[in-house]
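Below you'll find the structures, each written out as structure tokens.
Shared chain: chain A. Partners: chain B in the first complex, chain C in the second.
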Partner chain A sequence: MLSDAEKKRYSRQIRLFGEDGQERLLRTSVFIAGAGGLGSVISLYMAAAGFGKIRIVDCDTVELSNLNRQILHGNADVGRAKAKSAYESLTGINPEIEVEALVETISEENIDQLLQGCDIIMDAMDNFPVRYLLNRAALQRKIPLFHGAISGYQGQATTIIPGKTACLACIFPRAPPASVFPALGSTCGVIGSIQVTEAVKYVTGAGKLLENRLLFWDGLNGCLDEMACERNSACRECSDGEY
Partner chain B sequence: MLIALPDGSRREIAGDIARIEDILKQLCINPEEVIVAKNGRIVSEEETAGGSDELKIVRFVHGG
Partner chain C sequence: MRIMVLAFASFREILGKERVLFLKESATVSDLLEELAAARPAFKEAAFDDTGTLRDYVLLMVNRKRIDPTQDLSRPLQEGDELAIFPPLAGG
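Presenting the complex of A and B:
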């Protein structure tokens, strides 16, 4: 049952998916991998929307060059752990949810423990090797992975449902070459918002998900495009019959 | 075969059916940086294309 304060706080979105939908969000435990550009947008909107439990993980400290896009962190946070300022921003926006912010590097060794109790995974990473770890963990746990990535004016997003859709390795069998990428805050805003919208739809059971559809945002030309994808029967991650 | 390139331009290529890997090579595009859709559907570079197929080559991104 929602409290009176919760009914008031979430009243505009309860108009969308009812108190039942809001209760579902409040019961959902979210893992957010990264508190950078995408992680900022994703975690702020998820906290505001009332996802009941948010675990956000980042190993970095805030740098001045992060502040053009990483809106979880402010000028006074430069030099502090991103997880620390993330905790303060998120509980500041919504003190009624549970926030756990961890200073950790996501690795093969700790990912199982980090994901314990989580219902969905939000990809806010800046590299494919860790994304592949998230993908494998999502497949093993049979929980959805909401993929997003950005560079400059450009971004992409898709929703991965184990057992139903292509996995990340089906779509991107190879990691792109690592490089320092240009980053614009508003591109993180577009892609992170799409990921959160997907998560809200998934949890409340509304609409049509980005399942087997890879969405592209080309901000420079103001274009959205999509490509259909399907499970690869030879995929190294999801084709062994287990998923 | 009509090809939409990552820079937004389009190119008509005549010729026989070829592996997508070889088409990318011919266009001087690094296959590690792109994904390719044939007639709207993402395909691996081992697949072939030609004739009236439409290819779309998109540079995907990895930042966050």
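Presenting the complex of A and C:
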């Protein structure tokens, strides 16, 4: 049952998916991998929307060059752990949810522990090796992975449902080389918002998910495109019949 | 024959959103990529390595269906085919 304060706080979205939908969000435990450009948008909107438990993980400290896009962090946070300022921003936006912010590097060794108790995974990483770890963990746990990535004015997003859709390695079998990519806050805003919308739809059962569809945002031309994806029967991650 | 090329992500900034190419009959995916590389040196640099091999992370689709660049570059194209080409974005 929602409290009176919760009914008021979430009244505008209860119009969309009812108190039942809101209760579902409040019962959902979210893992957000990264508190950078995408992680900022994703975590702020998920906290505001009332996802009941948010665990956000980032190993870095805030740098001046992050502030053009990483809106979880302010000028006074430069030099502090991103997880610390993330915690303050998220609990400031919504003190009624549970926030855990961890200073950790996501690795093969700790990912199981980090994901303990989480129902969905939000990909807010900036590299493919860790994305592949998240993908494998999602497959093993049979929980959805909401993928997003950006570079400059361009972004991409898709929703991965283990056992149902192509996995991340089906869609992107090989990682591009690591590089310092150009980044615009508003592109993170577009893609992070799409990822959160997908998570809300998944949890409340509304609409049509980005399943087996890779969405492209082209900010320079102001257009969205999509490309159909399908499971790869030879995928190194999901083709052994287990998923 | 007429082939439509759709470029996404950073390749779109080089090739434009859509581009129609006219190729000889029986031209392959590889012929098409070479044509694009000859027309746009920036595309050649972005999509191919120093040995002239297509970078392994570049994604290709013919008529919206994924093809495997390690096996299917010699695949002949047909009149009206559509080739989509894009690199994965990785930033966050």
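Rule of thumb we're sticking to: the second predicted complex is superposed on the first by the 243 of 243 C-alpha atoms of A that agree within 3 Å, B and C clash if a C-alpha of one lies under 4 Å from a C-alpha of the other, contacts with A are read in each partner's own complex, and residues count from 1 in each chain.
Just so we're on the same page, contacts are C-beta pairs under 8 Å (C-beta built on N, C-alpha and C of every residue); 3 or more make two chains touch, one makes a residue touch a chain.
In this text, all values refer to a predicted model and were calculated from it rather than measured experimentally.
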| item | value |
| --- | --- |
| First (chain B), second (chain C), both or neither touched by A:C229 | both |
| Partner chain in contact with A:Q22 - chain B first, chain C second, else both or neither | neither |
| Which superposed partner A:T204 touches (first chain B, second chain C, both, neither) | neither |
| Touching both chain B and chain C, residues of chain A | 34, 36-39, 123-128, 148-152, 154-156, 172, 174-178, 181, 183, 188, 216, 221, 225, 227-230, 232 |
| Residue numbers on chain A that touch chain B, as the complex places them | 34, 36-39, 123-128, 148-152, 154-156, 171-178, 181, 183, 188, 214, 216, 221, 225, 227-230, 232 |
| Chain A-touching residues of chain B, taken from the complex the two chains share | 8, 30, 32-33, 35, 37, 40-42, 44, 56, 58-64 |
| Touching residues (chain side chain A, partner chain C) in the complex | 34, 36-39, 123-128, 148-152, 154-156, 172, 174-179, 181-183, 188, 216, 218, 220-221, 223, 225, 227-230, 232 |
| Chain A contact footprint on chain C (complex, rising order) | 6, 8-10, 12-13, 17, 55-57, 59, 61, 64-66, 84, 86-92 |
